Structures are given as structure tokens and as C-alpha cells.
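Next come two complexes, and both contain chain A; in the first it sits with chain B, in the second with chain C.
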Partner chain A sequence: MSASSQQQGPVVRWIDQRLPIFSFLQHELHEYPTPKNLNYWWNFGSLAGIVLVIMIATGIFLAMNYTPHVDHAFDSVERIMRDVNYGWLIRYVHMNGASMFFLVVYIHIFRGLYYGSYKPPRELLWWLGLIILLLMMATAFMGYVLPWGQMSFWGATVITNLFSAIPWVGEPIVTWLWGGFAVDNPTLQRFFSLHYLLPFVIVAVVMLHLVALHTAKSNNPLGIDPKSDKDTIPFHPYYTIKDSFGLGVLLIVYMALVFYAPNALGEAENYVPANPLQTPEEIVPEWYLLPFYAILRSVPDKLGGVVLMFASIFILFVLPWLDTSKVRSARFRPIYRQVFWIFVLACIVLGWAGAQKPEGAALMIGRLATAYYFFHLLILMPILGKFEKTRPLPESISQPVLKN
Partner chain B sequence: MTIFKFTAAAAVTALLAFTAAASEAPVPPAQSWSFSGPFGTYDRAALQRGFQVYKEVCAGCHSLRHVYYRDLAALGYNEDEIKAIAASVEVQDGPNDQGEMFTRPGRPYDRFKSPFPNDNAARAANNGALPPDLSVITKARPHGHDYLYALMTGYKEPPADMKMTEGMQYNTAYAGNQIAMVPPLSEGSIEYKDGTKATVPQMARDVTVFLAWTAEPEMEERKRLGYKVLLFLLVLTGVLYAAMRRVWSKVH
Partner chain C sequence: MSDTVHGHGGEDGETRRDFLVLASAALGAAGAGLAIWPLIDSMNPAKDVLALSTIEVDLTPIAVGQRITVKWRGKPVFVDHRSPEQIAKAAADDNASLKDPQTDKDRVKKPEWLVLVGVCTHLGCVPLGQKVGQPRGDFGGWFCPCHGSHYDTSGRIRVGPAPVNLEVPTYSFLNDTTLRIG
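Up next is the complex of A and B:
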């Protein structure tokens, strides 16, 4: 038991001797030794956790007023918007929260890529993060189906149909997913059930992500391990206050969207009730899934597209071994720190291409960006690690700080 | 760092192109609306005129299923006026204790009465075309407000070389330029209660304001609450920044 918990009152001590929650919190949130040189890019992990909590909290209240039935779903959402007290606020916070969640998580992932946070000993930490990303995508996709607008219905049709590309068992699998022979009421009801379930699975994986983090400890912008107590500071108050400030900034952006442009990131088409007899002009997913949609559509063959799309994420699981460089941080990798930004650009271009009709120049640009995405991960990363001349690493975290 | 700058510039260009290439219908010319901007509100007089246009013109074919008569209080009508407006329609209710459906005058808690009992009846009466429900129409179209105004004022003679389908109208704002809806507004087709001259652009503007409200009845409250929330967050974030600087001043 830690010294400080003995300073606590008798009640806390009584509980702590039987269930050490207080010394656990003291150890993991208060004392947890954190590198003292973390920059603002390290804010995004905790921000993602807070957005997850906001999503679950608002989602619970939405579920109290939502009706998962093809005849009532659209109307029940409108009822939330009009007749439930502050229903419009809860729904807009939830709707834009999905965008915020992905924005924050994508930045978090790119931070990991730049500073080599996926390298030993953090491979499992990285895997758990990728599993969270996959769960988020599934949850977001099913959540988007719930308002039962045109884009909900046709998005669900397109995405579930991807599974029909699987040879032999494809068609039966799609029928099984739908619970029928088309996207219909059984599909909506199971999506609602799963949309409620998966966030709690995400919470569980986030816990594992944190356990792995606190075991391997935080990486830092220099990518070198802390050598002594001089290199670390306790998590509280230093990073609790820094994360609080970061949260304030995020909330300003988030709430500006909620109150002044609540539908800016959505498709107008989804305010048209679902109509199975009328296909919309264009079927596009929400912005955060567009890069993957572009990869899917860059292949003329359906199965090939599906395989490539899933590969684009699964390939990230082997990144710790594809990247052969011993140096973690891009700060000391003169070439990688440049090609990293080309990779970021390729991802943004993929997002743009995903929103275009898959034809002409947009299709070509999408294909080039797809090719570059895989070239970067499969070819550039292994080669760079072998041939890149890295800059000398500093002695310790406090060394370069002291010099300045 | 040059690659970084290049990347940033390219990213901004890509995002701009992304926002520009959203939909197929021609982008309607931007109008100025009283409800635009962070402090915009609905013009009550325009709302009431727009309601009159809806009631006397659009309501013949278009439903407003998500709006209740009681909601009209937001337009500035008092309780008696709303009761009178609701009572002007006969709604079906029931079954009564004999098990039979009956009609009664509308009440404030009723939804706006739809012109047709179901979609099939609507199609049958409209040459096979389904007049969409207008409750959220301004949110359901890209650039919804400008689009609606452009559509209402966009009826023209078709170009000589254009082959029009039987029963279709030429409209500059509609995707494909052929729309099933006959021109709904014509000069002086209604007589405004407040004496405003009922020109086509005037009626188009007013009904757009009304439908902006039906789509986003919470807008004024949302914006009012929004600047309080943002002001609070700005102050809070400032305080947190100062606290962070102070805590971190001990770290070297």
C-alpha cells in the first residue's frame, strides 16, 4: 500500500485494505511516471476517451426515445429533435460526436505513426488501438443506419453487400446479416442492438489499451526510454491539467459545430426517409470512412476491392515488423519525417476521392493514392529502416531540455 | 520542411475541392436570410406570411407531418388563433365506443392535416409523382434554403432544343431541369393578410422562411444557448491554460 493512502481517513483505509481502488487510482492516475517532454499531440488519447464517454452518455438518452422500427425510426428521431426536452441538443452532440471521435482518434493514430509508438515494447498497445478503431467503424456505421434516412438505408445496403463478394458463402452470409432478403426491419433492429452493445466492448478494449499503456509506459517525442526519475513527472497534476486544457480547446470546436453548423458534416439526403425503391444519385459514407471507401472503389473487381479495403487496416497490425528502423521518433529520421507527410497527404486525398463519383480523373487520383498508401507501408517502411541514416539520439530526455 | 508546406497546401486544396463537388443539382445562388449567421433569427412577419402561402398553396399537395398546430405559437399566434386555425380542418379520430371512426374539428395537439390519406393516393392525384413531405425539406436538400427559393422562382420556358417529357415542367433549379410540380406560385395568387404585395419572389421568400422554421424549430434557442456555452468554454479554457502554465512552471 502506498504511503499517501495511509494518510487517508479510516473509511478509505478500511475499503482500500479490502479492495485497493484508492491505491490503484493513486498509482495509475496520480503517481504514474510520465515523460516530461510530451507535446500537445499526446493530448488526443485522453480526448478520445472523453468523447467516448460523451457518446455513451448521449446515446443512452437517445435510446430512451428512439424506436427501432422501419415505420417509426425516422419519425422517432424527428420527435427527439422537436418534442423531447433538449432532444435536439442531445442528438446533435451525439451526431457530431461521431465526427469528433474519429477526428481525435485519427490524429492519435498519426501521432503514433510519427513518433513510432507502435514499436517494441508497444506492439500490443498498438494492436488494441487498431481493434478499437475497427469497433468504432462498425459502431459508427450501424449508428448511421438508425435514423433510417435514404443514406442510412442505401449505405447499409452497399456495405452489407460487400460480404457477397466472398466466394461460395457470400450470398448466404449477406442473407444472414440482413435477417431477410433485403435490408429491412430485422436488419434495423439488430443494428440497434449491436450499436448499443459495441460501445461497451470499446470501453473494455480501452481498459486493456490503458493496461498495456501503463505497462509499457508512454512513448515521447524523442522516442527514447526515460533513464532516471529526472526524465519523468507524475501524471497528476502535470498531465491532468494539460489534458483539461486540451479538452477545453476540443469542446470549443465541438460545440461550435453542434450549435452553429450541426449538419455541416452530414449528408442532406439522410433527412429524406428511407425508400427502398429509389436509389440516391450518389451513395457516400460519412467523411471518416471515405478513405476506405476510396480504396474499395479503386479496384474494378468487387472481391479485390473488399480485400484491399480490409487489408488497408489489417496491414497496420504488422507495421511494428514492417518498420525495420530501430529509431522510434521521426525527429531523428530525416527521410521518414518527410515521407510521413506524403502518407498523411495520401490519406487526405483518399478521403477526397471517396466523396467523388468513381470515374475519370477522381478515380485515377484515388487509385494513385491507394497505391501510394500500400507502397508506403509495404515497401518504403521496410527499406527506409535499412538505408536511412538516422541522426544521433540524445543521451536522455532531460539532456536536450537542459541544453536549451 | 518544404515537403511539409507542400503537403499542407495540397491538403487545403483537396479540402476545398471536396466541399465544392458535393451534389449534382446546380448550386443555387446564395440569398441573404434573416436566420443566417450566429445571431440570425426568424422574421415573425415573414413566418406568418410563409405559413399563409403554405396553407393556401402548398398544402393542397404537400404534407407537414412532423408539425403540430400547437407549434404555431412560435410564429407569434396566440392560443385562440391557434385553436381557430386547428379547428378549420376536420381530422379523423376514433374508434369511439361503438368501434367507429369519426371526424371532429382539429385541436392544437393534432399534427398538420395531410392532404392525402397515404402515398398511393398522393401519387394517384399527381400523375404518378409523389409530393414530398415538407417538414424537414430545407435540411433534406443541399443548400436547402437557397435551393427552395431558386426552385420556386426557377420556372421558365424550356429551351427550344429541349425535349420535355409529357406533363413535366422546365425548372432551372431542379436536377435535370424537368420537374413534375406545376408552377405553384403566380403573381397575386394569394392575398397577404398584412397587405404585402404577393409577388412570386416575395411568396417564394416567405414560404422558404416558414419551411426553414418547420425544419429547424429549435434554431433560435440553439444559437442563443450556443454563444453562452462558447463564452463559458472560452473563459474556462483560458483559466485552464493559465493554471497549466503555472503548474508547469516548476518543470525544467
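Up next is the complex of A and C:
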């Protein structure tokens, strides 16, 4: 037991001897040695955790007023918006929270890419993060179906139909997913059930993510391991306060959206009740899924498109082995440091292309960006690690600072 | 491993134990699989969903050249009263290069009535062309706006990402003016 918990009062000590919750917190939050040079890009992990809590909190209250039935779902959401006290607020916080969640997590992932946080010994940490991303996508997709607007219905139709591309078993799988012969009431009800469940699965995987983090310890902007006590500081209060500042900034952006532009990121079409007999002019997913939609549509073949789309995420699982460079941080990799930004640009371009009609120039640009995405991960990463001349690493985290 | 087991030809005891472990694990896995099946199967279409599987359509009000949409199993079904020109075009296209080769004759029971599931075989949008003024694509049939699939007057895929022709549902003519789908 740590020294400080023995300094606590008798009640805390009594509890701690039976359930070591206080020494656990002391150990993981206070003593957890964190590199002292973390910059603001390291805020996004804890921000993602906070947004997850907000999503679960608002979701539970939405569920108290939401009716998962094709005849009532749309109206129950409208009732939340008009009649339920603060229902509009709870829904807008939930709706825009999904966007904030993805924004924060995407930044968190790009942070990892830039500073090489996926490299040994953090491969499993990286994997758990990618699993969280996949679970988030499934959760957000099913949540978007719940209001049962036109985009809900047709988004669900197009996405579930992706599985029909699987040879032989595709059709039975899709029928099984639907619980019928089209997206219909059984589909809506199971999506609600899973939309309620998956966030708690995410919480569980986040716990594992944290266990892996506290085992491998945080990476840092220099990408080198702390050498001594001089290189680290306790997480609390130093990073709790830094994270709190980041949270303030995030909440300003988030609440600006909620109060001043709550529907800016959504599709107006989703305020039209679902009509299974009429497809809207254009089906576009939410912004955070657009890059993957662009990859899907860049291939003129049904199965090929689906395979490539799933590959774009699964390939990230093998990134720790595709990247052959021994140096973690892009700071010391003069070429990677530049191509990294081309990669970011390619992802943004993919997002743009996913929102366009898949024809003409937009289709070509989408294809080029898709090609670059895979070129970067599959070819550039292995080659760069072999040929790039990296800059010398500092001896320790403190050394460059102390020298000046 | 205890001495007794060793004493009596440890080899034997080991394999027997391994076998028991393996057999119980396999049985346990099979049991778990069996127990999960009802859960999985509960997600397949329920009996009431299956029971809704047939509808009847009165054909008398549909004029030549007119197309109507009815709902069957939650999906749109296109009933197309084709004109002689459309039938001729469909038959002529039997020899065109087809992605999913099928003759028009194989796709209809009576040439003047084309019955199709109105769901694009790509990713499930409802193709345009049912209403007057909607685009019918380059082959005079249907056009799916989602990712640009063109279907001909027999509902066959001609251009675009859809892999196969528009599906022909099971149907029969109860008499000259009544169509039963399903």
C-alpha cells in the first residue's frame, strides 16, 4: 500500500484494505509517471473519454422518450424536440456529440500516426484503439437509423446491402441482419437494442486500452522512452489541469454547434419521414464516414469496393509492421514528417469526394486519393523506414531542454 | 505430474488426460454453439413477417405503357404494362452485350407484363423511371441515381456498378386481370 493512503483517515484505510480503490487511484493517477513534454495533441484521449460519457448520459435520457417502432420513431423524436422539457437540448447534444466524438478520435489517431505511437511496445494499445473506432462506427451508424428519417432508412439500406457483396452467403446474411426482406421494423428494433449496448462495450474496450496504456506508458513528442525520474511528472495535477484546459476549448466548439448551428453537420433530408418506396436524390452518410464511402465508390465493382473499404481500416492493424522505421517521432524523420501531411490531405480529400456525386472529376479525384491512401500505408511506410536518414535522437527527454 | 501417474507408464495417463480435456472442450464448444443458435436464428425473419409474403394486384386500371409500384415484403415491386415497342426493344437487346445474360422471354410470363423487385441490385436504392418525367436511363428502362446503374426495358443491368439484373419476384396470374406476387 502506498504511503499516502496510510496518511488517510481510518475510514479510507478501512475501505482500502478491503477494496484497494484508493491506492488504485493513487497509483494510476497520481503516481503514474507521465513524460513531462506532452503537448496539446495528448489531450485528445481524455477528451474522447469525456465525450463518450456525455453520449451515454444523453443517450439514456433520450431512450426514456424514444419509441423504437417504424410507426412511432420519427414522431417520438419530434416529440423529444418539441414537447419534452429540454428534449431539444438533450438531442442536439447527443447528435453533435457523435460528430465531436469522431473529430476528437480522428485527431487522436493522427497524433498516433505522427508520433509513431503504434510502434513497439504499443501495438496492442493501437489495436484496441482501432477496435474502439470500429465499434464507434457501428454505434453511430445504428444511432443514425433511430430517428427513422429518409437518410436513416436509406443509409441503413445501402450499408446493410454492402454485406450482400459477400459471395454465396451474402443474401442470407442481409436477410438475417434485417430480420425481414427489407429494412423494416425488426431492423429498427434490433438497431435500437444494439445502439444501447455497444457504447458500454466501448467503455469496456476503453478500460483495456487504458490498462495497455498504463503498462506500455505514454509515448511523447520526442518518441523516446523516459530515462529517469527527471523525465516524468505525475499525471495529477499536471495533466489533469492541462486536459481540463483542452476540455474547456472543446466545450466551446461543441456548445457553439449545439446552440448556434445544431443541424449544420446533419442532412435536412433526415427530417423527412422514412419512405421505403422512394430513394432520396442523393444518399450521403454523416461527415465522419465520408472518406470510407469515397473509397467504397472509387471501385466500379461491388465486391471490390466493399473489400477495399474494409481493407482501409484493417490495414491500420498491421501498420506497426508496415512501418519499418526504428524511430518513433516524425520530428526526427525529415521525409515522413512531410508525407504525413500529404496523407492527412488525402484523407480530407477522400472526405470531400465522398460527399460529391460519383462522376467526372470528383470520381477521379476520389480514386487518386484512394490510391494515395493505400500507397502511403503499403509502399511508402515500408520503404521510408529503410532509406530515410533520420536525425539524431536526444539522449533523454530532459537533455535538449537542460542544454539551452 | 504426480509420481503415481509417472509410475504406471506416465505416457498412457498423459494421453488419456489430454483426450478427456480435449473431448470436454469440444463438447463444451458444441454445446455453446447449439445454445447460441436460437439467439442467432431469432434475428431471422419471424413467422408473421413470412406470413405477409403474398399480395394481389388488380391489373385493370394499368394502361399500356404505364408503370405502377406496389409494396411487397416491405419492398417496392414494379409492375410495367409494356408497349409493343418496349417488348420489341427488350427482345432485340437479348443479343446485346449483357453483364448478366438472360433473354427477355425468361424474365416474363406474359410479354406485356414485366414484374420486377424495384430494388437496385447494387446497394438497394429504388431506381427511377416509374413516374412520368423521371429519367429512365440510357436504355429506356430504369436509372438508379445512387451510383448510376442503367437498366433496360427488361430490367437487365446494362451499365453501372449493379452486378445483376433487377430481380423477378415469384408471381402468377390468378386470372387475366389479377396478379399475385409471392
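Note that the second predicted complex is superposed on the first by the 403 of 404 C-alpha atoms of A that agree within 3 Å, B and C clash if a C-alpha of one lies under 4 Å from a C-alpha of the other, contacts with A are read in each partner's own complex, and residues count from 1 in each chain.
We take it that contacts are C-beta pairs under 8 Å (C-beta built on N, C-alpha and C of every residue); 3 or more make two chains touch, one makes a residue touch a chain.
Please read all numbers here as calculations on a predicted model, not as lab measurements.
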So, after the overlay on chain A, do chain B and chain C clash or fit? They fit
Once chain A of both complexes is superposed, is A:P234 in touch with chain B (first), chain C (second), both, or neither? neither
Once the structures are superposed on A, label A:D75 by its partner contacts, choosing first (chain B), second (chain C), both or neither. first
Thinking of the overlay built on chain A, is A:M255 touched by chain B (first), by chain C (second), by both, or by neither? first
Would you check which partner chain A:D301 touches, where first means chain B only, second means chain C only, and both and neither mean what they say? second
After superposition on the shared chain, which partner residues are touched by A:V158: those of chain B (first), chain C (second), both, or neither? second
Would you sort A:P382 into first (chain B), second (chain C), both or neither based on which partner it touches? neither
Using the touch definition from the top, say if A:L345 reaches chain B (first), chain C (second), both or neither. first
If you stack the two complexes on chain A, which partner ends up touching A:G49: first (chain B), second (chain C), both, or neither? neither
Regarding the shared-chain residue A:P394, is it in contact with chain B (first), chain C (second), both, or neither? neither
Three-chain overlay, vertex chain A: chain B-chain C angle, C-alpha, nearest 10 degrees: 70
Shortest span in Å between Cα atoms of chain B and of chain C, once chain A is used as the common reference: 8
I'd like to check the shared interface: which positions of chain A are touched by both chain B and chain C across the two complexes? 281-282
How about chain C: which of its residues touch chain A in the complex? 40, 43-46, 49, 69, 71, 73-76, 118-119, 122-126, 145-148, 161-163
How about chain A: which of its residues touch chain B in the complex? 36, 75, 78-79, 81-82, 88-89, 92, 233, 237-238, 241-242, 244-245, 248-249, 251-252, 255-256, 258-260, 262-263, 268-269, 271-273, 281-282, 338, 341-342, 344-345, 348-349, 351-352, 355-356, 401-402
If we count contacts the way the header does, which residues on chain B are in touch with chain A in the complex? 3-4, 7, 10-11, 14-15, 17-18, 21-24, 38, 65-66, 71, 132-133, 135-136, 139-142, 144, 175, 215, 217-218, 222-223, 225-227, 229-230, 233-234, 236-237, 240-241, 243-244, 247-248, 251-252
Residues of chain A touching chain C in their complex? 154, 157-158, 160-162, 164, 175-184, 186, 190, 276-279, 281-283, 297, 300-303, 305, 358-359
